[in-house]
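For clarity, chains are labelled A, B, C and D in written order, and residue numbers in each chain start from 1.
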Amino acid sequence: MPASYAYLGPEGTFTEAALRTLPEAATRNLVPYVSVQSALDAVRVGEAEAAFVPIENSVEGGITTTLDELVAGTPLMIYREVLLSITFALLVRPGTKLADIKTVSAHPAAQPQVRNWLKANLPDAHWESAASNADAARLVQEGQYDAAFAGEFAAALYGLEVLESGIHDAENAQTRFVLVGRPARPAAPTGADKTSVVLWQRDDHPGGLRDLLGEFATRGINLMLLQSRPTGAGIGNYCFCIDAEGHISDRRVAEALMGLKRICLEVRFLGSYPRADVTAKDVSAPRPGTSDEEFVAASEWVARCQDGRF
Amino acid sequence: MPASYAYLGPEGTFTEAALRTLPEAATRNLVPYVSVQSALDAVRVGEAEAAFVPIENSVEGGITTTLDELVAGTPLMIYREVLLSITFALLVRPGTKLADIKTVSAHPAAQPQVRNWLKANLPDAHWESAASNADAARLVQEGQYDAAFAGEFAAALYGLEVLESGIHDAENAQTRFVLVGRPARPAAPTGADKTSVVLWQRDDHPGGLRDLLGEFATRGINLMLLQSRPTGAGIGNYCFCIDAEGHISDRRVAEALMGLKRICLEVRFLGSYPRADVTAKDVSAPRPGTSDEEFVAASEWVARCQDGRF
Amino acid sequence: MPASYAYLGPEGTFTEAALRTLPEAATRNLVPYVSVQSALDAVRVGEAEAAFVPIENSVEGGITTTLDELVAGTPLMIYREVLLSITFALLVRPGTKLADIKTVSAHPAAQPQVRNWLKANLPDAHWESAASNADAARLVQEGQYDAAFAGEFAAALYGLEVLESGIHDAENAQTRFVLVGRPARPAAPTGADKTSVVLWQRDDHPGGLRDLLGEFATRGINLMLLQSRPTGAGIGNYCFCIDAEGHISDRRVAEALMGLKRICLEVRFLGSYPRADVTAKDVSAPRPGTSDEEFVAASEWVARCQDGRF
Amino acid sequence: MPASYAYLGPEGTFTEAALRTLPEAATRNLVPYVSVQSALDAVRVGEAEAAFVPIENSVEGGITTTLDELVAGTPLMIYREVLLSITFALLVRPGTKLADIKTVSAHPAAQPQVRNWLKANLPDAHWESAASNADAARLVQEGQYDAAFAGEFAAALYGLEVLESGIHDAENAQTRFVLVGRPARPAAPTGADKTSVVLWQRDDHPGGLRDLLGEFATRGINLMLLQSRPTGAGIGNYCFCIDAEGHISDRRVAEALMGLKRICLEVRFLGSYPRADVTAKDVSAPRPGTSDEEFVAASEWVARCQDGRF
């Protein structure tokens, strides 16, 4: 029996579609879970090899339920990320025409993406929220609503027809998903990698956060995400989920993490993994003075000084 | 007819309870709105003098719907903040006993706060989510559910009894609310003030965010909130909602804002207003070199140098 | 009777030659003094309108006697600077040939500049130090030595002949001189200006000096000189003489000085004056965010925020 | 035959007195040299095991001839430092009384230290500069002058009497001397150490020097000396001689040096050696996050993360 990947279900959602873009997904048993928490718990207890969940999108930013699960509890690690462009199809029972549609349904998160389309094409349709876009499709199949906004791939699953596709109010609407597993050696660096950490400040003083970010900045490391999350110690107490360029095996990243470890109350390493947005050939060279070669040379030079040989 | 304050309804929620702690609320017409957006729009179009909405809580951090409304659209300003400790009461129809309760309801946000209490006291009760805690109370009144978790103050409104009060899983659970109006002169400084801004980076490079925070840090200004929000330009593009110590009429704050204005693509001023967590006597003195007196003295000294009189 | 300019004498030195490059020198009574201290004191007591003294050269760096005089005592200000390329002529009594020269003399500072030439051309000549190059020339005139290294212009003054000119071991040997007066309004900015200050740290802690330099760096201001000088409070206690790009009437410079004034124990303004090395057309534009226009715009924006008009 | 220590002569100077405070000096052949350069060259060519020269004093700051010799040429290393308080004795031929003194002599550097004493006690005495204080004493012995200012220890050497001792205008007048040898393993750390380096900037831009100092500051390392010296590439081009707290075997110092090595054009290590001003018990603990233990722990943590074991 193959190992299983838990994912945020139900079937037919964008999450499943994104997961299926991973080659290894074809050899795993893909199991939908009702929540991010339950999918990640399946990994923690060993029920699943990994979990595939959304972590960031272009409308909501960092997805807090996922971040909060990664920030707390038994440590987990991110091994892969997938970027999926989000465009909606309008799914109907076979034979339904645009003029027949009185009710439409989808997950509330879909609403900002289809609002303009609705106003232009179905100004009088009544909106009903569903627990997921796939659920909305199911309810259309069952005759409760006339049409659902969902990924085009959901049509076949629920015996529906695509009446319109490519619906998206915002250009560049994307969701980022991650494959999360139990801690193990990170994937080898590809030259276009990302490192995720959570930082807790030792104390709160002017410049505290600036100094944390300085550990990245002074080593020429760009940040891709900075999301504050409550620590649970009361309002105004935050930790910081950070995605930074580079791989923990890059010397500049390793030294930045060491610096953070020394000055933070706590640092949680969430993994180093290949970037989904670019490949190595598109990544600009490290800033002068921050390449692995320069780190090694500097380290050897100090060793020689310590020995008096120079 | 008195001016009206819009607030996130319905009646009987914590938002209303928080709003009523403001003395001026007694002289206004308090009008519930169905969403943060509609409450703020009421201010924008002049239908309400101000809107009162939640902006941060100890579980969720920054409340993104509120922040996103303040970040975009016609500029608004924050004039007051209120901190409310969140503890729940279990509300039932008169005569209901604990043993009678089969179904409980509340807004989903209440669930993490009452989970332990439920497990210990009503392990078999079925949870049904409601649109708000007040709605849950109304549904109990109408007989649909047996009990609702809501603020104690909601009991009278819906003819219910408090079967248990002071329910809260997490200590220090608090929500912060703000009173938002159209731009006008900020309230006078009290000595314990807070300034809110939104920052958009000019470009994205290593150290960019560190340098923005440096404008506060070098002037000894502590930050209370740093919440990234998507700019709408695609995944990974963020602006930053920041709450900083001090008032825009404090010289160190004014100069920090000027510095940000110069190096940011855009800065949106969201107001300077009294802090709800402390009063002036609890605020530590500005770091040496950052008091108003020192700013004034330095400015006068430079003016004298420019004139050659020293 | 014209106002007089004091200068570091005697007549016939590079200092006098440099002074005569200033157009206004033609209208002043130029008076040699025996020391930098006496020349500056002449200004302090009102005996001279200004003093012209060397302040930096490419071999010695900052000239400490001049810097120490400017750092302490009654405040003075720099109004002009002059750069002079230093090449030596070998001066002899008329008729003297190279083969006749047994003794050469000059100020000790000349020695590093003529050492190679001596080795190649007069390997057996005996060196005798003189109080100044001009004094060496005078002693040659009086027959005490056979040849003097001095500026070519000194030949006529002492009735000597130039046996060889253009002698200089180091390329780019230059000395910088300054015209120093009593405090008054600085010269108008030219677009290629320099500002000189002396900084005393408030206390000594890791990062103290870094933070002082940060006041320049965060405003895009380059430094041209950083020379530490003892404060007189015991070994290891230093103040810092700094030359920075720009004019005190530039907003970025004014704000940097204000910042320094606030965080330093003491700041002494030594003047803003035109650079001698470049003209306005060769100066690169201020870094984005640091131009006068951007400072003014930022200041006006904050004023509007303070008024609630935006 | 014992190894020899070269020192800046002649005999009877403060340099010799300072050298004799080193226990190992008793077992070496102490050889005076006429200049700092010749003493250091004796080490470079293997004629002497080490050279003992002044490097900083409370009046002049960094002694540029010594610094320039260490900055350029074949690398040398500092192994020890000695601090000597400078007070002068007035030395006379036996039998001379104060009223007999018409001429006094000393090295010009002594003048600022004895000026007030002279004014009060010998207002009419004529000052004659000598090449060294010891030379002045010799010239008194030979009858050329009536009195010399020199170290009390010079009296015996030249057959003179101490007429007055403890003469010093400035309190805390001290000179710092260093023992310089060929590169070898630095002395073991004592807990109160100092590390000397020379830094050349890669390029000159706003914030360049600030960033160099940041390598020390972010690791909690205090600086004791920052002396700019011309690079020889023309006026305004400087390298920086820096003395920093700590020993190259301290992790925070080693990492700071690595950082400098990466971002500087060149770094010259001048040694780590015990501080003469304090002992380990007077040195404050490293700033939190910068102790060796914390560096080691952070390094091990990153190694564990790289292996996925945490």
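Here, contacts are C-beta pairs under 8 Å (C-beta built on N, C-alpha and C of every residue); 3 or more make two chains touch, one makes a residue touch a chain.
The chain list, named the UniProt way, goes like this: A, B, C, D = Prephenate dehydratase.
The structure displayed is predicted, hence computed values, not measured ones.
In terms of the stated touch criterion, subunit A and subunit D have no partners in common. The interface in A-B, B-C or C-D that matches A-D, meaning over half of the contact pairs are the same by residue number, belongs to B-C. Averaged Cα coordinates give subunit B a centre that lies 58 Å from the centre of subunit C. Our note on geometry: subunit C versus subunit D, Cα centroid distance of 27 Å, whole angstroms.
For the pair subunit B and subunit D, the distance between C-alpha centroids works out to 60 Å. Each of residues 211, 214, 218 in subunit A touches at least two other chains. You'll find the chains touch as A-B, A-D, B-C, C-D. Interface residues of subunit A, counted against subunit D in their complex, comprise 75, 77, 183-186, 202, 211, 214-215, 218, 248-249, 254-255, 257-259, 261-263, 267, 269, 288-290, 294-295, 297-299, 301-302, 305-310. Every residue of subunit D that touches subunit C in the complex is listed here, in rising order: 56-62, 64, 83, 170-172, 174-176, 204-207, 209-211, 213-214, 216-230, 232-238, 240, 277, 287.
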